[in-house]
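Right after this note come the structures.
In what comes next, chain A is part of two complexes: it sits with chain B in the first one and with chain C in the second one.
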Partner chain A sequence: MRIRAERDDLADVLARAGRAVSTRSPLPILQGILLEVSGGRLTVTGTDNEVTVRTYLEVEVTEDGRSVIPARLAAEAVRKLPVGAVTLASNEGEMEITGGGPRFRLREMVADDFPKISDVAMDDSIQVDGGQLIRALSQVGIAASTDDARPTLTGVLFEGEGDSLRLVATDSYRLGVRDLDGIKTEGSKIVPYRALRELGRTIGSGSMSILLGDREAAFVTADGRLTVRVIDATFPNYGQLLPDGHSNRLTVDKEALLEAVGRAALVAEDHIPVRLAMHAGGVELNVVRQEVGEETEFLEGEYVGDDMTIAFNTRYLTDGVNAVDDEKIVIETSDPLKPGLLHGAEKTDFQYLLMPVRL
Partner chain B sequence: MRIRIAECTVRYEGRLDAYLPWATRLIMVKADGCVAVHADGGAYKPLNWMNAPNTLIEDGDTWTVVNPKGEKLIIEFGEVHFETTRELGEDPGLVKDGVELELQRLLAETPEVIEAGLKVIRREYSTPIGPVDLLCRDSDGGTVAVEVKRRGEIDGVEQLDRYLEFLNRDSRLAPVRGVFVAQVIKPQARLLAEDRGIICVQVDYDELRGADSDLLRLF
Partner chain C sequence: MDVPGILHADLDAFYAAVAVLENPSLVGKAVAVGSGVVLSCTYEAREFGVRGGMRVVDARARCPHLILVEGVFGSYTEYSRTVFDIFESYTPFVEPLSIDEAFLDVTGSVHLFGSPADIARRIRRDVRKQTGLAVSVGVTGRKFLSKIASQVAKPDGMIVVQPGQELEFLHPLQVSHLWGVGPVTERKLGELGLETIGDIATTPIDALIAMLGSAAAHHLHALANNHDPRPVERTRRARSVGAQSALRPERRTMEDLLPILQRLTDRVASRLRAKGRSARTVTVRVRFGDLSSVTRSATVRSPTASTAALMAIERRLLQKVLDRYPKHEITLLGVSTSGLGFDEPIQLAFDVDDDALGGGTPHEIGSRALDESVDEVRRRFGRDILAHGSDLLSERTDFSDGLAEVMIKDD
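This part shows the complex of A and B:
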């Protein structure tokens, strides 16, 4: 193969596909990216056998072909060339990368050893606004577990809910639910969040097609395609956890609450909770760490319900408040030992259910 | 322990065929029968090896190591540069770090975390090649050997497999099945363990310690 393209464009497609490549893979071939040139287009594929990212670039083609070269090194080599046109030319087992003077010659890997990855047909795909989906995923993704011992909880549930697409994630301490209205889909699939986290950085945020298959989920934009193996498991029955209504309702300014919890977190260690004493006129936040000291402050707000004190892990509370996309936050509670529900005062399409800490 | 440094070729015949061409190498024959061929690099990992039990047949310049599955390691020697044999005696084994030892203690107190109905017979149960972390009895009365690691890697599975080999020779205990427990188990280790009929269990150290006992769960 032999192609010519602008450095920045080439560096971009190599780096984006390279994000699927794991440096810890036991198979050397998976540390490479597959370059395929035909019909005036370069297709770059990176995979770790679980997540695959494919990116595309229109290039000036002298000769079609395919080659596998080390992912990180190739992307860095192109990125560090002088600005301008870059040529990639494969010859006798080496890929020559030249542009503006410098010349790299990288040993090619055996292209036939690269996993055969065919693109699934997107016939039954659903169309979404990529930017909106990525934002929604980042909201619920904070609640996804990173513990591989419970693989089901490392994923985000995609579920049809009437005329909405519902996204759900939980690590068993908190649960994030986001409804995307106007996106109709059927059935449910669990997609690993570690792959979804990469959507924006690999295939961009334009108009996006999603296919939720039995084995794989595929996300396609004009910039590329990300496919990931779905998690074959039963998601916890979260519906029963979402309350019909709470007896107590606190409404406070989001930024003020974030700042207050941030100050409390200075004193708290991760496992020391912040207490929220809620009563008419607002909430008093208090954190006590025996060997260090304490912090207390009052935050004005609207409160309807019985006076109550509840405690939350500061990090989990901060995550939830941050994820609410509204100026005012509502915290609904019913009992110091039952989960509290956070959502926006106006926007209720995102809900964050958080278990308290026992006082 | 018998050690030989010599010019040699090594041919493995078994699940696949592998060949090491002529070169100078270190060959170790351990008291338990393990044979390992090392190059001058690569840390602990031999170029090729045959785990015990096996039989070493010496025929002039050729050694043939055969295991019960019929796999063969054939070493053909040229010039022998060095050879020595020395009895090393019983090894005290690895001194476990604090977390691993603590993990073992916590699991001994709550073996049901590993498997429902599991009861500990003895911690650090001795075998001729070292102590297995926990020897347990399952709900059906079967014997279970549990090896505990912070990080579950292939060498931990190999270690448990060796213990099982010896434990299953004891008619009072046999059949003994293995459970490999770690905070995180690498995919390769899991694959090897499952291939050998060993069950893998990942445990949460913080949860076992009760560090988050005040943090309530949704489910």
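This part shows the complex of A and C:
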């Protein structure tokens, strides 16, 4: 193969596809990216056998071909060349990368060893605004587990609900639920969040097609495609966790609450909770860490309900408050040992359910 | 003002002494406990140069008539408990250092039992009478000094250092008596001609710093001048609680090992609960026929002392070991818990996941009621009144029930 393209364009497609590559992969071939040139187009594929990212670039082609080269090194080499045109030329087992003077020669890997990955047909796909989906995923994604021992919980549930798509994630301590109206889909699939969090950085946030297949989920934009193996499991019955109604309702300013919890978190270690003592007129936040000290402050707000004190992990609370996209935030509670529900005062399409800490 | 009385009480050749007590035919003989490595040996064996930590082969080379016996760990805990009960009958300020030694602050007990030296005598007498074991005691006003005194007093002796006479006692002793002086430091000191503790005390601190670095130099210089302000800490926190069981070398399946794991877990978990602790990190250790061993650990978000919750974690860890080493003969199974908290807040969890591990899950919260009942029944009727069905139904494949040793480590 032999092609020519602008440095920045080439560096971009290499880097985005390279994000699917695990540098710790036990299979050397998976530390490479596959370059394929045909029909005036360069296709770059990176994969870790679970997540695959494919990017495309229109290039000046002298010769078609296929080649696998080290992902990280190739992307960095191109990025560090002087600005301007870059030439990639494969010759006798080496890929020559040149532009503006410098010349890299990278040993090629055996292209036939690279996993065969065919593109799933995007029939029956649903159309979404990529930017909106990515924002919604980041809201629920904070509640997804990162513990590989509990694979089901590392995914986000995509669930069709009438005329809306519902996204759900939980690590068993908190639960995020986001409804995206006007997106019609059926059935439900669990998609690993570690792949979803890469959507924006790999295939961009333009108009997006989604296909939720039995084995794979595919996300396609004009900039590329990301496919990921879906998690074959039954998602927890989260519906039973969502309360019918809470007796107590606190409404406070989101930014003020974030700052207050941020100060409390300074004193708290990860496992030390912040206490929220709620009463008419607002909430008192208090955190005590033995042998270190404490922090207390009062936050004005509206409170309807019985006086109550409940304690939350500061990080989990911060995550939830951050994810609510509204100026005022509502915390609904019923019992110090039962979960609290966070949502916006106006916007209720995102709900964050958080288990308390028992003191 | 009270006379400061800090005792260091140390059982003489504890493991070996217990072995002799349990088998009177060994009295007066050179006996060592251990397999592979000498854990402990009688003074008769020490006369031939046998020492703890020595390889059995080397020990036999020095003492061909050495009698080697297996440890009986259940008995050790029993004896140890009796001895510590005696300590605690004289003062509440008992700081255990290990299964066979402790610091005691008896300053507040003199009006009840007489001078610190009197108390030391009574303790030695009680221990001898109730267990048959010899305990050596150092009696001084400082922890490190009492520890040195008890070592000098061995075997079966006691040394009292009166206030004002500390330096007189300390300075002629070899440097190796000081805490923190191992073979390497001892050699370094020897190269400079520093052989006794008095030599260190009279060496300018700068010279010591040049040789040993600042921390070690200040430490040794302070001790050599009898500075050690540390109080006896009754509440000294255990850093880990564990139990292990030696097994006949055999290949074993999960099914074979589960009853043993259950028994070890039962001991560890009830021990944790008795101390009011819960653990965040759980470690499973497996030793193979070739004496190599592997460990697998897991840390959970919320600490737990629930038998069921700990068992679930350990089972998963043990499975990992068995998957990795399916064909190895297993000679020891151990579990250990660390990251111990006291009365910690518990992050509660939803009931979403049967695989959830650690504290705060609905399953774990539910199992606490059972644990409490089991603990209460055992408190009233004795530990053996309750056992797991798997334990009762399984064939005993470990050496003996008493072999499970509960280990509590401070460091």
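In this section, the second predicted complex is superposed on the first by the 359 of 359 C-alpha atoms of A that agree within 3 Å, B and C clash if a C-alpha of one lies under 4 Å from a C-alpha of the other, contacts with A are read in each partner's own complex, and residues count from 1 in each chain.
As a working rule, contacts are C-beta pairs under 8 Å (C-beta built on N, C-alpha and C of every residue); 3 or more make two chains touch, one makes a residue touch a chain.
Everything numeric here is computed off the predicted structure, so don't read it as measured data.
Per the definitions stated earlier, placing chain B and chain C onto a shared chain A by superposition produces a clash between them. In the superposition on chain A, contact of A:T170 is made with both chain B and chain C. In the superposition on chain A, contact of A:V357 is made with both chain B and chain C. In the superposed model, A:T152 makes contact with chain C only, not with chain B.
Legend: residue contacts after superposition of the two complexes on their common chain; A:P26 is shown touching chain B, with no touch to chain C. On chain A, the patch touched by chain B and the patch touched by chain C overlap at residues 149, 170, 172-173, 175, 236-237, 241, 271, 273, 313, 337, 339, 355-358. Listed in rising order, the residues of chain B touching chain A in the complex are 184, 188, 202-204, 211-212, 214-219. Of all residues in chain C, those touching chain A in their complex are 301-302, 316, 344-353, 355-357, 360-361. Those residues of chain A that touch chain C in the complex are listed here as 149-150, 152-153, 170, 172-173, 175, 236-238, 241, 271-273, 311, 313, 337, 339, 355-359.
Residues 26, 147-149, 170, 172-175, 236-237, 241, 271, 273, 313, 337, 339, 353, 355-358 of chain A are the ones that touch chain B when the two sit in their complex.
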